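Letters A, B and C mark the chains as written, and numbering starts fresh at 1 in each.
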Amino acid sequence: MKILFSRIKIFLKAFSSNRLAALGFVIVIVMLLTALLAPILAPYPPDKQIYQDARQSPSVQHIFGTDLLGRDILSRVIYGTRISLMVGFLSMAIAASFGITAGLLAGFFGGWTDTIFMRAMDALMAFPAILLALLIMSVLGPSLANAIIAVGIIYTPTFARLIRASALSIREKEYLEAARAIGMPNWLIMIKVILLNSLSPIIVQLSLGIGYAILVEAGLSFLGLGVQPPQPAWGSMLGEARNMMVFAPWMATFPGLAIFFAVIGFNLMGDGLREAIDPHRIVVKH
Amino acid sequence: MLKHKKIFILNLYIIFYFTLIPIGFAKSQMKIGLSADVVMLDPQLAQSGPDWTPQSLIWNRLVEYDNTMMDPIPSIAKSWEVSKDGKVWSFKIRKGITFHSGRELTSSDIVFSFKRGFEIGPKGRFAGYMVSVDSYKALSTYEFQVTLKHVDVTFLGNLAAPAAAIVDKDTIDKIRTEPIGSGPYEFVEWSPGEKTVYRKFNNYWDKKMLSKIPDEIVVIPILEDQTRLANLQSGNVDIIDGVEAVFWAQIQNDPNTTLWGQELTASYKAVIFNFEKPPFKGNKLLRQAIAHAINKEAIHQTVFFGTGEVGCNLIPKSHWAYTEIACYDYNPEKAKELLKRSGYDTSRPIYFPTSSRPAYMRTAEVVQANLKDIGLKTDIEPQEWSYYVQETWIKRKFEMQVAWYAREIDPDGLFSSVLRKEQGNNPMRYYNPAIETLFDGGKSVYDREIRKKYYEAIMNTAILDEMPIIKIQTIERKWASNKKIKDFNILPKGLPNYYNFKWGG
Amino acid sequence: MHQFILRRMIQMVFVLILFSVIVFTVLRLVPGDSATAQLGLEAGDQAYTELRAEMGLDQPIFIQYLSWASNVSQGDFGVSWFSQKPVISLIKKRIPASIWLTLSALTIALIISIPVGIISGIKPNSWIAHIATFFSLTGLALPSFWMGLMLILTFSVFNRWLPPSGYVSPFIDPIMGFKHLILPSLTLGIEIAAPLTRFIRSGMLDVMNSEYIRTARAKGLTEYLVISQHALRNAMLSVVTILGVFIGYLLGGSIITESVFNYPGIGTLLLQAIHQRDYGVIQGIILFISLIFMFINLMVDISYAILDPRIRYE
């Protein structure tokens, strides 16, 4: 508990001194609020089609304009926040669970377990992410859930490596001996110590990973593996608009900007957090 | 003196060779940007749109399509006659047609091609087109005869189908890699995903056509729509296919580009129902409810940008066989009432898988919204193309789906494979013996007025009453080119007429 | 050291085999196969069964794999079903284009990320660093196909300055080759500039705060000398080693950029093969990319060992 609080303090300090990170944090909070308050914020239901109003440029009635089928783009972007955040959070949850487990096993047991796991992780990273997602989606079928699983699998090696590095460095330390002396079982010690030690880098990776997940989802939609209609995902909205960029630029601009800010927000926040916890970072005065 | 003369003549010769010939005989090259690459070079196995290009350029058929696809033009067959009972067709073969290898084409090649086409069977398209053929033989070196099982007025037109190409039996083993045909162009190379190159065949039998076409044709697959158009506008290619409606105005307003369209289109989009299992099996009221619920005008304006023609008759309005039938109007109130009477449990969503290609998806989304308005839930599942073909089309794992048909222009060819028993375009597995008889009747007479009646009857029974398919509208296909192409015709099937275009480049 | 390399190579082979088995199986589980792609919509059930038998796809997966694997071990990667061309020659044809794109994109990325990374490493909280970092993140956050299409519209359609797509080998025609390369490399390069910047920056930060630098400062050297002589060199060293990873990513992962620009690299070859379920080509390319990537990884690890005497592998 105490450790948690000290971590939070460190993080908050990061935001106060690093303006970019603070900006990122603000963006993320805005996104979360938008997702939560979507039904209140959105002027129209996201799937309401008024075909007579299709392809209209931004106006008072439709602040972001309408799309090909006459749906209000602002409402769709707002509801799309839910999908992006869901994809981001859930896929990272999957990646973290698998990755941490793999990293723990590899780091703890070492030897052959380590080799197999790590080579498997290498192999996974060798694969271009988009391709992997494509293949996974092709087998499982295109749907939001499967996209989440696909991104989760892609990002697993990042967490695995992180945990393993931490596990390896901890394995040799003295306080393991101490804990053993008290009588705690080995694996419990391992998990507790390793996890606590890597908590900060994990959080950093989670933040960066969410940004990454949002990008991958957009890429998948571009390749034709969008979410199930009528769910309004930013990536699919971009894909729909790809022939309209000259004639109806608003159709691509607004979802594109949404993706842009989301990714920047999570990345800035993640970078800021990483700086805050970097042990090398003695305050360098200039 | 003699020596000087010889040198002088030699010099003249050299000058001529290096300057005048290149100037006078500069190669003209036409570059085509297509939305997809060639899949299969073997004309009797080819099944996809882009394969049409090698099929037309490298090979000839007994007859070729004219611009309306209703009046075939003599090609390998220079004339023909049919027996009094309408079942025996005799063709006189043109003399002097050579394959690219130099060998003359005779009736034995035609026999070989027919044999091969039938052997390939359902893996190709030939057998399907020639379904009414009973027997065929070579009467002499330049005469070929076909006996039909019964009168089939579509037979002659079907001989112009790309799969009815006459192939070279001597080089048949290399037909997929180094194809040889008798067509106006020779195959030079195919670099998958990059380009296909064709070179004019100077010994082609139709000298008049030869003088009007480019020396070389290069086909470049460019999958991304905007990029393909950009290539045309920047001068990288001379003509492109698959021009989306959103670009039409821009192309027409540009003085350097021309938009080419079809006079008549045999393409249409429809919603189809699976008759093999519930909920649509045996529930006519449910199907009729959906027919009243679909807002075709909305789809017309949004998905198709106001192009094409809305209608429920599978035959387009400007077709000679068209008759006005009492289509279902857009009436959500009536739809709701029919839905209630149908007894369908509206808490259960209908399984509505669809191809993830944009036109399919957009149409499905509008239909989904329309159905939601009357209280019907649908589960749209976007599927990647091969996945869609395999699961939804071949294995028929659907309850309802969006279909795109691009057929022949003869009314029989237009939709017999959609409504007849277990045909390739009938995944609904709709079957009605009365309809079968009507179809048979329809292609047994030449009189258009009589045929019209047959098809009207089919429409009334199949389309209005039993409704395995709800047609939404026809689809227009357009190509765009720069000014080097003076005339270009697109067949009702949506594919270009390579035997009738004017090149001025 | 030799033992280490040998062991890694053996591991690589095992992983490649594992990989190929997984990919092989997954491909055959996905609905739709080469027969579907060839026959399209209208052929009947019988046609599919016949064609599948011709293609050898009706045999148990295990047997199909064994025959493919034994061919591969003898250097025969099979042919593309549709064009009947050998897989190896198809891949070989695309390699130069992919390499050109990779190298140009990397160059552009380095041009952006080196200055930005260094500045934000030296003065992490300055305005310059903030702005520079933000801009480099822009490249990451903008969807690459959006950027690609925008570039095409700007430079090829509205102004006819550059060709919109395609590739010409710079060896054959340097000017045209360069023109074809600019837009796709810009798109790709901007995309990877951000992660690269991040890496350079953390490398600089590490070095700047290390004992090595403190010693240099203690010696009394000016800040400028400290940075240019000592910090930079060490930071760049770590960058060089990470370049390998980025090259691996670029070679296989530039699919979206390649498809927008119709660039004939390995990415579009793979995309087309997946679309057509051309199993031989897919398997061949995946094996190829994995091999390259693992090889690069190995080189990176070896160079780490050589450069940093503190790291020793048992």
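FYI, a contact is a pair of C-beta atoms (placed from the backbone, for glycine too) under 8 Å apart; a residue touches a chain by one contact, two chains touch by 3 or more.
Just so it is clear, the structure is predicted and the values come from calculations on it, not from any experiment.
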{"item": "Nearest-to-centre chain - CA centroid comparison", "value": "C"}
{"item": "Between the pairs A-B and B-C, the one where more C-beta pairs touch", "value": "B-C"}
{"item": "Whole-Å separation of chain centres (CA-atom averages), chain A against chain C", "value": "22"}
{"item": "Centroid spacing, where centroids are CA-atom means, of chain A and chain B in whole angstrom", "value": "46"}
{"item": "Whole-Å gap separating chain B and chain C, where each centre is the average of the chain's CA atoms", "value": "39"}
{"item": "Multi-chain contact residues (two or more partners), chain B", "value": "226, 384, 387"}
{"item": "Contacts with 2+ other chains: residues of chain A", "value": "138, 242, 245-246"}
{"item": "Junction residues of chain C, two or more chains touched", "value": "30-31, 149, 153"}
{"item": "Chain B residues within the chain A interface of the complex", "value": "225-226, 244, 246-247, 250, 295, 297-298, 301-303, 356-358, 361-362, 364-366, 368-369, 372, 379-384, 387"}
{"item": "In the complex with chain B, residue positions of chain C that touch it", "value": "30-33, 36-48, 50-51, 80, 82-85, 90, 93, 149, 152-153, 156-157, 160, 163-166, 259-262, 264, 268-269, 272, 275-277"}
{"item": "Partner chain C, residues of chain B touching it in the complex", "value": "37, 39-40, 45, 47-48, 121-123, 125, 128, 176-177, 190-194, 220-224, 226-227, 229-231, 233-236, 384-391, 393-394, 417, 422, 424-425"}
{"item": "Residues of chain A that touch chain C when the two form their complex", "value": "17-20, 115, 119-120, 122-123, 125-131, 134-135, 138-139, 211, 215, 218-219, 222-223, 235, 238, 242, 245-246, 252, 256, 259-264, 267-268, 271, 274-275, 278, 280-282, 284, 286"}
{"item": "Residue ranges of chain C in contact with chain A within the complex", "value": "11-12, 14-15, 18-19, 23, 26-27, 29-31, 123-126, 130, 133-134, 137-138, 140-146, 149-150, 153, 194, 198, 202, 205-206, 208-210, 248-249, 252-253, 255-256, 267, 270-271, 274, 286, 289-290, 293-294, 297"}
